[in-house]
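One chain, subunit A, appears in both complexes that follow, with subunit B as partner in the first and subunit C in the second.
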Partner chain A sequence: MPYAIDELQEIIGNLRTELVEPIDSGGVNNTRLGRDRVERMSAEVVDSNPYSRLMALQRMNIVKDYERIRDKAVAIVGVGGVGSVTADMLTRCGIGKLILFDYDKVELANMNRLFFTPNQAGLSKVAAAGATLNFINPDVEIEMFNFNITTVDNFDRFLNAISQGGRIAGQPVDLVLSCVDNFEARMAINAACNERNLNWFESGVSENAVSGHIQFIRPGDTACFACAPPLVVAENIDEKTLKKEGVCAASLPTTMGITAGFLVQNVLKYLLNFGEVSDYLGYNALSDFFPKMTLKPNPQCDDSNCLVRQMEFQAKPKPVVVEEKADNEEPLHATNEWGIELVAENAPEINPTSTETPVVGEGLKLAYEAPEKSSETSEETVTTAPPDDASLEDLMAQMKSM
Partner chain B sequence: MVDDSTRKTLSNIPLLQIRAGPREKDVWVQRLKEEYQALIKYVENNKQSGSDWFRLESNKEGTKWFGKCWYMHNLLKYEFDVEFDIPVTYPTTAPEIALPELDGKTAKMYRGGKICLTDHFKPLWARNVPKFGIAHAMALGLAPWLAVEIPDLIEKGIITYKEK
Partner chain C sequence: MPYAIDELQEIIGNLRTELVEPIDSGGVNNTRLGRDRVERMSAEVVDSNPYSRLMALQRMNIVKDYERIRDKAVAIVGVGGVGSVTADMLTRCGIGKLILFDYDKVELANMNRLFFTPNQAGLSKVAAAGATLNFINPDVEIEMFNFNITTVDNFDRFLNAISQGGRIAGQPVDLVLSCVDNFEARMAINAACNERNLNWFESGVSENAVSGHIQFIRPGDTACFACAPPLVVAENIDEKTLKKEGVCAASLPTTMGITAGFLVQNVLKYLLNFGEVSDYLGYNALSDFFPKMTLKPNPQCDDSNCLVRQMEFQAKPKPVVVEEKADNEEPLHATNEWGIELVAENAPEINPTSTETPVVGEGLKLAYEAPEKSSETSEETVTTAPPDDASLEDLMAQMKSM
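Presenting the complex of A and B:
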């Protein structure tokens, strides 16, 4: 059907208005806008209270003063398979503030994981996540940074954001969560947190998607990420049968969801002081095995800030653990009809030194052998750099003219 | 894990001594000199052995590197832009070398055209901190990657020869 130009212009005009202000069509508009902010978390049990089931944790005696979560700020580095689900969970839990870092875009290839939807393809991950999270819970303050933290310029912006971006401006965040997929970014987070003395969680999923882990790093107290080669879950897959041809990485929504769940569970325990926070928790998906352990810092760590934190930690008086005396000395269960018994958890504590490979817990291994510190000769090469007599400018010019 | 010819190439690239990253402004200049010395020697070696295959230069801070690399296949020269940033944690972590124009053309790449390195590269690099530099990353990382990926990409018709 032929249209006159002015008719077409009118149609375009109407479409444009609709884009800005969606037509009010019954309840559709309301759902699209989500809910209004709430001033305080209420414990009232009504269908319309978004926090009733969380506040119930208080009544069940699991958490004291759940609403403290609104004073907490968490930085999430990497908003991919693990990071986006982590952000989603913390948002639903009513965290005070989230700071998101990522420099990637949403792609259709990400749809085997949770959280992002196909209509978000092409958007930056932080922008897409920010919009969804704000819709889910408008009470959460969300700050977004779309850059790679490992480059020199961006690293300073990253340092600034985590050490000034707390719930109270100018204060540091309460925790940094590493949900990145590469060693370089983990080392950058490690360097930043050692420098600014911030506690952080490392998390990861193996490239073949069948194992994952979380690791709690408290500078000076537990091993930093540079203290020893990365600790990974042993999968007991024969190297020869492991095919890596033609791909960089596989991923599963299950392994990533489980790892994000472990991460957020421990974040909540740490922020709200309940239960026991794991220092290292692994997941072997092939055998459903969950190794746990603690790794002590390396006194010869390459990161000088780690050594400073270790000295500070050693100088600090340790809190005396007061053992609660049981009022009732009688056995908890007089009868044990079903023969149920408790088996001691195997959670070894290891102390890596650079001279020998640290002994790791059952089901765990180091990603590779620790480098030898003192050896001057490399197995690969023998030549040494010539003495420097030329200036840097000369060398740059020489290289350019080659 | 490293074949004999790579081993020989490596043994002829000078090792570096200064452990300094780009945030340590003063010492970094010394490290940067070593980087250039090693790279110059490596390119000279390549020229002598008739296997010249890349050129690199950096910004004046030595934090951003760019240049060209090329691969000979059936007597034709296939040339690509190379670029990478020096990470803040360098030399503990190796630079992530990228060939942006091949981004999306092979699965052996991460976002932005960063090449997918073998399982051997990172452990080898970690054991040789701070002795390995950019020249070593090129020899151990990019050279073997090109040797495997480029003939494959040509064969599949994903990249074609361009007259220069």
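Presenting the complex of A and C:
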């Protein structure tokens, strides 16, 4: 028996209400309406201002000009346990632009990490993430690429995206963040960033879920991913042969969230010029231990673009450090509960090709040692500063003759 | 002009589709359907299993029996920047039960931290969080209290909830987590946990957003929050007088997320008996520095229940450590990229009432010093072990005569 028209109109009214208004006094799927765009970041202290607590960093003398973050573009490769939280944090911080790369789908097996929700199972990670991020902060420009960067064609598209996709069209992004779970993708990012001379952060979480790390790689200045590669890369092992059927890596939302937190915190320090950016920061969850170190580039690196960047870096006059930071010398707030103070910490510097056993941070060991034969030449190259009048061309010629 | 019945039915069909199916290829508000409940946690490696990556912790020899987490109940006081992420992580880990306390509303000004979304502005934090958490993992039992625990009546309800609200009705919760932003609430949690002899974690983030800490408090064993209070508590200052009109604290999703990560990681280590639980772990974002220490209880603590717990703890025969942990001695996986290894770290122990200047961890200073007059008595009380035949009653009598 068909419904009467008024009954049907009532059903329509109820369905429309359900679509727009909060249900069950909760807030999960209650409305499609997020918030309107905000023209400029304001420091005004009102509940409706999504940027008041970020702009307060200026009043607290932590950041000089927070709103500069709107001019920054960051590429994130891998939108999984670390990458999705990284994107979430940067979006909430009001970053200018994010470019996301992934080719995986959301699964229920991902629900033990933050960010994705069960209703997104089956969607591509970039589409699901893009929609959520846009909903959280519509001021952030988001570009998405649903492909594997390691294939030949896609690698070119990746190269193009990171070197042309900055906030100013045609300019490169300010940083590339690697949040992938395999070495092939890391090597692809490394090759791209060495070629285009782009700074990037490596990140990773161990398969037993209880350690993680971030590493800041500045081509020519610090070791690239090929300078001191993990054994699996150095020995040219196909990673896929290491994975067993019916076996998966463990993961925890804690370790992933902490690693993403370390990553984004150092990204903010770098982009907004405050504090000290760590070259390498590790996290061991079992003992709450945090190794730090700096890795120098390897003059026998297999990546020829890395060698070019090393020559350029050595030829470059060292920049005078301009004190752009806000004055942090004021006394801490009276409610600085445990009287935590800053202290200088000397991170050990590592030259992976030194003839002597390199001094690494407590609790760390190197996964890779340079071949014995080349160690003398290499040390000379690293420790001998080029003559003042050496041009880049001279150095390049020297390098070619090696 | 009224619609024809078939037109109305088509509208109904479209609205129902919109309610259930993904829209815009995104995933924000696309469906009310999350996932079905799961009877038992399975280690099966299939995409549809939300617990496969957690159960893998057993195969990786990190946790002996992961599913014990379903027997655990945790109370979270404060569901803001740290508390909401804490609840999110524990929910995704499949904790048995969460009890949430807060009396605040979600505002757009909270959007610079993880978890809440703009559409939740105006909802109570506990209701918004409860709905999201239930949607993420319907296996977790969630209880919500929308009140301020520091008022007289509510304090009794709080006491009752934490001492009766465990997974077995009438039993206490396994842990209380303080994620509040003021000292009055911390002192209320401290009083309740000292009275009911419940272990709890303190957490906090500085007003300039660049440092945080967690502290594990075991009544009688470690310093309680009143044993070595921050100056604002020790001097009985009304915190409200410290806050200025039109001024707000700075906050960052990074620092909040890292602090929540440290908190939940240590909660997991404690509840599931793996790794070492830190007594105090700090985080300084500007230099990536992580102070650790242990604070001994103060024998002149103002909280009389703390003194009772101290006497009980000293009288208690020290338990023999049962090696319940899974065997961690197997070689790390071949893809342990940076060769991170575990090392023992000796956290300094602090006795806040020692006559000598206490040795604190590098970069830390005490906010509070015990009055000079009582230091001799106190030191004796702490360092002299009770005679072997002293009963708890004897000790209580000694204490009363002090």
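Heads up, the rule we're going with is that the second predicted complex is superposed on the first by the 283 of 402 C-alpha atoms of A that agree within 3 Å, B and C clash if a C-alpha of one lies under 4 Å from a C-alpha of the other, contacts with A are read in each partner's own complex, and residues count from 1 in each chain.
The working rule: a residue touches a chain if its C-beta (ideal position, glycine included) is under 8 Å from a C-beta of that chain, and two chains touch if they have at least 3 such contacts.
Predicted model, so just to flag it, every value in this text is computed and none were measured.
Chemist: Kindly classify A:Asp104 by the partners it touches after superposition: subunit B alone (first), subunit C alone (second), both, or neither?
Modeler: first
Chemist: Pick one for A:Arg35: touches subunit B only (first), subunit C only (second), both, or neither.
Modeler: It touches subunit C, and subunit B stays clear.
Chemist: Taking the superposition on A as described, I'd like to know which of subunit B and subunit C A:Val152 touches: first, second, both or neither.
Modeler: Only subunit B; A:Val152 stays clear of subunit C.
Chemist: Quick check for you: in the superposed arrangement, does A:Val320 touch first (subunit B), second (subunit C), both or neither?
Modeler: In the superposed model, A:Val320 contacts neither subunit B nor subunit C.
Chemist: When the two structures are laid over each other on chain A, which of subunit B and subunit C touches more residues of subunit A?
Modeler: The partner making contact with more of subunit A's residues is C.
Chemist: Based on the superposed arrangement, let me know which partner A:Ala169 touches: subunit B (first), subunit C (second), both, or neither?
Modeler: Neither partner.
Chemist: Should A:Ala188 be classified as contacting the first partner (subunit B), the second (subunit C), both, or neither?
Modeler: first
Chemist: Do subunit B and subunit C land on any of the same subunit A residues, and which?
Modeler: 183, 246-248, 367
Chemist: Quick check: in the complex, which residue numbers of subunit B touch subunit A?
Modeler: Its residues touching subunit A are 2, 7, 10-17, 22-23, 29-30, 32-34, 36-40, 43-44, 47, 55-58, 60-61, 63, 85-89, 92-93, 96, 107-111, 116, 119, 122-124, 126-129, 131.
Chemist: Across the complex, what residues on subunit A touch subunit B?
Modeler: Counting only subunit A, the residues touching subunit B are 104, 148, 150-152, 155, 182-184, 187-188, 190-191, 226, 229, 244, 246-248, 302, 367-369, 371-372, 378, 380-386, 388, 390-392, 395-396, 398-400, 402.
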